[in-house]
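Report on the structure given below.
Per-chain numbering from 1; labels A, B, C and D assigned in written order.
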Amino acid sequence: MLEIRWHSRAGQGAVTGAKGLADVISTTGKHVQAFAFYGSAKRGAAMTAYNRVDDKPVLNHEKYMEPDYVFVIDPALVYTSDVTVNGKDNTKYIITTHLPKDELIKAQPKLEGKEVYTVDCITIANETIGRPIPNTPMLGAFMKISEMYDIEFFKESMKRILKKLPQKIVDANMIAIQRAYDEVK
Amino acid sequence: MSEIKKIKNLKEFSTSADRFEGAHLLCPGCAHSIIVREVLNATNDDLVLAASTGCLEVCTAVYPYTSWDASWIHIGFENGSTAVSGAEAMYKALKTKGRLKQPDRNPKFVAFGGDGSSYDIGFQWISGCMERNHNMMYIVLDNEVYANTGGQRSSSTPIGASATTTPAGSVSYGEKRNKKDMVAIMASHNIPYSAQVAPNKWKDMVKKIQHGMNVEGAVFINAVSPCTTEWKFDPKDTMHLADLSTDSLVFPLYEIIDGHELNITYRPKNIVPVEEYLAAQGRFKHLFKDEYKYLIKEWQTRVDANWAYLQRREEARV
Amino acid sequence: MSKQQGWDEFEIGAMLRSFDGKIDECPAFTPQRDRNYSQNSSHVASVADWRLIKPVYNKDYCIDCQFCWVYCPDVSIISRDKKMIGIDMDHCKGCGVCVEVCPTNPKSLLMFPEQADEETEIASWPTKDEKEE
Amino acid sequence: MAFDKLELNEIEVWDGNHAAAQALRQAQVDVVSAYPITPSTAVVEGYAKFKADNLVEGEVVMVESEHAAMSGCIGAAAAGGRVATATASQGLALMAETLYQASGMRLPIVLNLVNRALAAPLNVNCDHSDMYMVRDSGWIQFDAFNAQEAYDLNLIAFKVGEDHDVRLPVVVNQDGFLTSHTAQGLHPLSDDDAYNFVGEYKPMNDMLDFEHPVSHGIQTEEDWHFEHKARQHADTMNIVPAKIDEAFAEFERISGRKYNHIEKYDMDDAEVCVVCMGTSVETAREVAKEMREKGIKAGVIGIRVFRPFPFADISEALKDLKAVAVLDRSAPGGAAGALFNEIAGSLINTDTKVLLSGYIYGLGGRDLTKKHLVDLYTELQANADAGKLLTQQQQFIGVRGPKLAFL
């Protein structure tokens, strides 16, 4: 069982990202689950989304999770929420930030000793898609760190999932995914 | 659009084959059934009818008898309007899909409700139906009281009427608030047609019902329905009370087209003083005590002002 | 319909049919006398026992204006071919509206006690009331 | 047919709401009359979007309240066509009056009830208070444990409810958010297979049949009311279960997915068992399997058909067990949990010696964790070993503060 927790703000596309990832993984024969915690809070509020992936049907519906990966797609959340909660020794953190890794860890000591990767998904999204929607770049970074799929296969799959969007936006997302794949450290 | 039934005069009207049956359980002299007959006989089209809970409903479909010769539905107190709007939606869907059993028929969708189910508990439901502009007609049988449950006030009960929940007593003249203007409220939904009608003016009624049934969209009709039991008059005098209500201008007859264009459809030759209308009903009996006579004057002033307002609106052609 | 009928003896749903069998055209085109009413139509029921006083119709004075027909709350005035031909005494509740709206002088409809004899009352029908406007 | 069909993949990743919306599309529902409420809104939004994209031809009536939503459904169903809606929580509470009217009028309507807590305090998350509130409203009630089942049970609901010997409305329950907003891989039927399974709507006593005028929703006084209600109950008890069996069997033939009135997991030799509904059934299955590895003979029973309640299946399945926990996801308000009571009622007057305990859990979306269930099975085994309840009969799990236990 592979488990992923997303930290996001409502409106940044974490749910769409989690469902998109589940969709891609599902085409490879694995069983998936994607869900989120919603409250009545509106756009901008901190929220979490989740993925579970397994070779057998996913029956566990508990919300409690000790994630294998933590995605932080908004740079402020690393300070305002505890992104390490229920973390395991080998949990990998992919964090959106403009800071170098050591400065980030200095600013948030809870990340000390964790396996941390950084990528600036917000800047990538702004520069490619034109809007601060950091969900697809995060998936590009995840492909690099996890080596789950070949990046070309992943991009082709995402094209299918995003097919209802205008071609220009789809193309921009592909560039964003590739940039995050290349830039994550 | 179906052909409008030709009704030149009352003799011709009397050849109508009633689709509302006797041996219903309404009080002797009840105006509800007179209004229902005039409405149903105004058309030869098939009908899909609904009634909200109230006198009409509890008296015309009590197992094992129905008084209705057309499709009819009752659900609850507040939702006769929505019941018929659902049926109308189904008609549209089945028409689109080519699944109507008799595709050549032109059914009209009509819901009835009392002032309780219309002015009060079902207000929101009717507003919804009007706003959605279903191809339907909603008719209030307005007897200004919850007659079905024994005479409690409604928001249609006028000032000074004694109702069981606003009774006249040694220190009270009864209902303190004037009735709300449902026709104006419903017209404000910008529906194609709304009107006030009275059973004594059958020709005006038939004309309005026919017009309403043949416009595309939602139609609201408020019909004055003198209640022998709660207005407290002899059952034989129902039509006399209806005459007094229209000729005193307490219930002026008019129509509003597309939410704004107002036409007065009946101008009494001899306007009857409101006092006569009030005097004919037991529910206003206490107003004739010395201490409450000022209320009768206020009644007249209010009715005059409303009539002047309707005339100004009609003249303005806005 | 029998009062003894059990729970398993009626159709499901809180529903009733107005007619037996199929009707070929809208009932608005079929006079009541030609309709195949079901036992669940109130048409086949009677409310005659509600009546304390009854209308008696004197056709000698009737002008077939049809006021009584249009204003009858109980669908009890029988009109055919624009002529008033009588009263449906199964459905008449004796409210007296028909008498009040009758415009002739003397009236062609008058109320009498339920037990009154129709022929006797018609024989002694009042004459023209000069005081009426 | 003037609308377009959809080519679906063998596996689609849908959440429960979208799965339900797809089922409504494939059933070619004629009228959807609805009012949005979290977490059920996406069912109706989905259908409306299908209509906007010419994938269905039905009418979407967006009314002004949930009461009006069901009122519109009743009018539409009486007119003679396939009708569906969706709601949750307070929306269901507002609609409650009309639910009794729909069932009493014997009108088949499918209601997607996306289970959510009832205020106060206001809460948008899952519990089963809404499902319980209308348990005696005369509707058939199915319960889905995941999105696939929400899809399947919608199709089955039309088939069962519209049967002329049944003619009853059907609630399809799914857990708010836990199912409705959780995307999983599903195996949908093709549009043709789904529609052929549900079948063409066959009208009965339809108001739009002008050759047979009918009065619906008539009044019955004390002389007839009891007979009508007795008929409805008798049909629900005598006819509906077999019709459900038939629909389940036919659905298995076309989909390979087998449904039962109660869903038994590892029950053959079980000594302790958890009975519950919704997504908890699946979590409990996973935990039960883990308990087996620890030597506890654990099983799970999920209630698939909540109404008509499967009394005989329950008493047969539980009679030889040692200890059973019944989980109720609703505030009991001064009683044992409703499911606990139903289960107890199924066992009374049998000679079973099974120990029954009730657990209140998960209110307002409170997580039911695997740890909770491990503890619960451990407690059941202790009861079984002791041959008596070692705890009070009713316990609250997952609530903060001092332990709550009653009865």
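In the analysis below, a residue touches a chain if its C-beta (ideal position, glycine included) is under 8 Å from a C-beta of that chain, and two chains touch if they have at least 3 such contacts.
These numbers come from a predicted model, not from an experiment.
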item	value
Which of B-D and C-D has more C-beta contact pairs	B-D
Chain A and chain B: spacing of chain centres that average the CA atoms, whole Å	62
Intercentroid distance (Cα basis), chain D paired with chain C, Å	53
Distance between the centres, which are taken as Cα means, of chain D and chain B, whole angstrom	43
Centroid spacing, where centroids are CA-atom means, of chain A and chain D in whole angstrom	34
Residues within chain A bordering two or more other chains	none
Two or more partner chains touched - positions in chain B	46, 61, 63-64, 66, 68-70, 105
Contacts with 2+ other chains: residues of chain C	14, 16, 18-19, 26-27
Topology of the chain contact graph, where touching chains are joined (line, ring, star, complete, other)	other
Chain C-touching residues of chain D, taken from the complex the two chains share	104-107, 167, 205, 210-218, 220, 223, 226-228, 230-232, 234-235
Residue ranges of chain A in contact with chain D within the complex	15, 18-19, 22-23, 26-27, 31-36, 38-40, 58-64
Residues of chain C touching chain D in the complex	3, 5-8, 10-19, 22-24, 26-27
Chain B residues within the chain D interface of the complex	46, 48, 50, 57-58, 61-64, 66, 68-76, 78-79, 82-94, 96-97, 99-102, 105, 107, 124-125, 127-128, 131-132
Of chain B, residues touching chain C in the complex	10-26, 28-34, 37-38, 43-46, 60-61, 63-70, 105, 199-200, 202, 228, 234-240
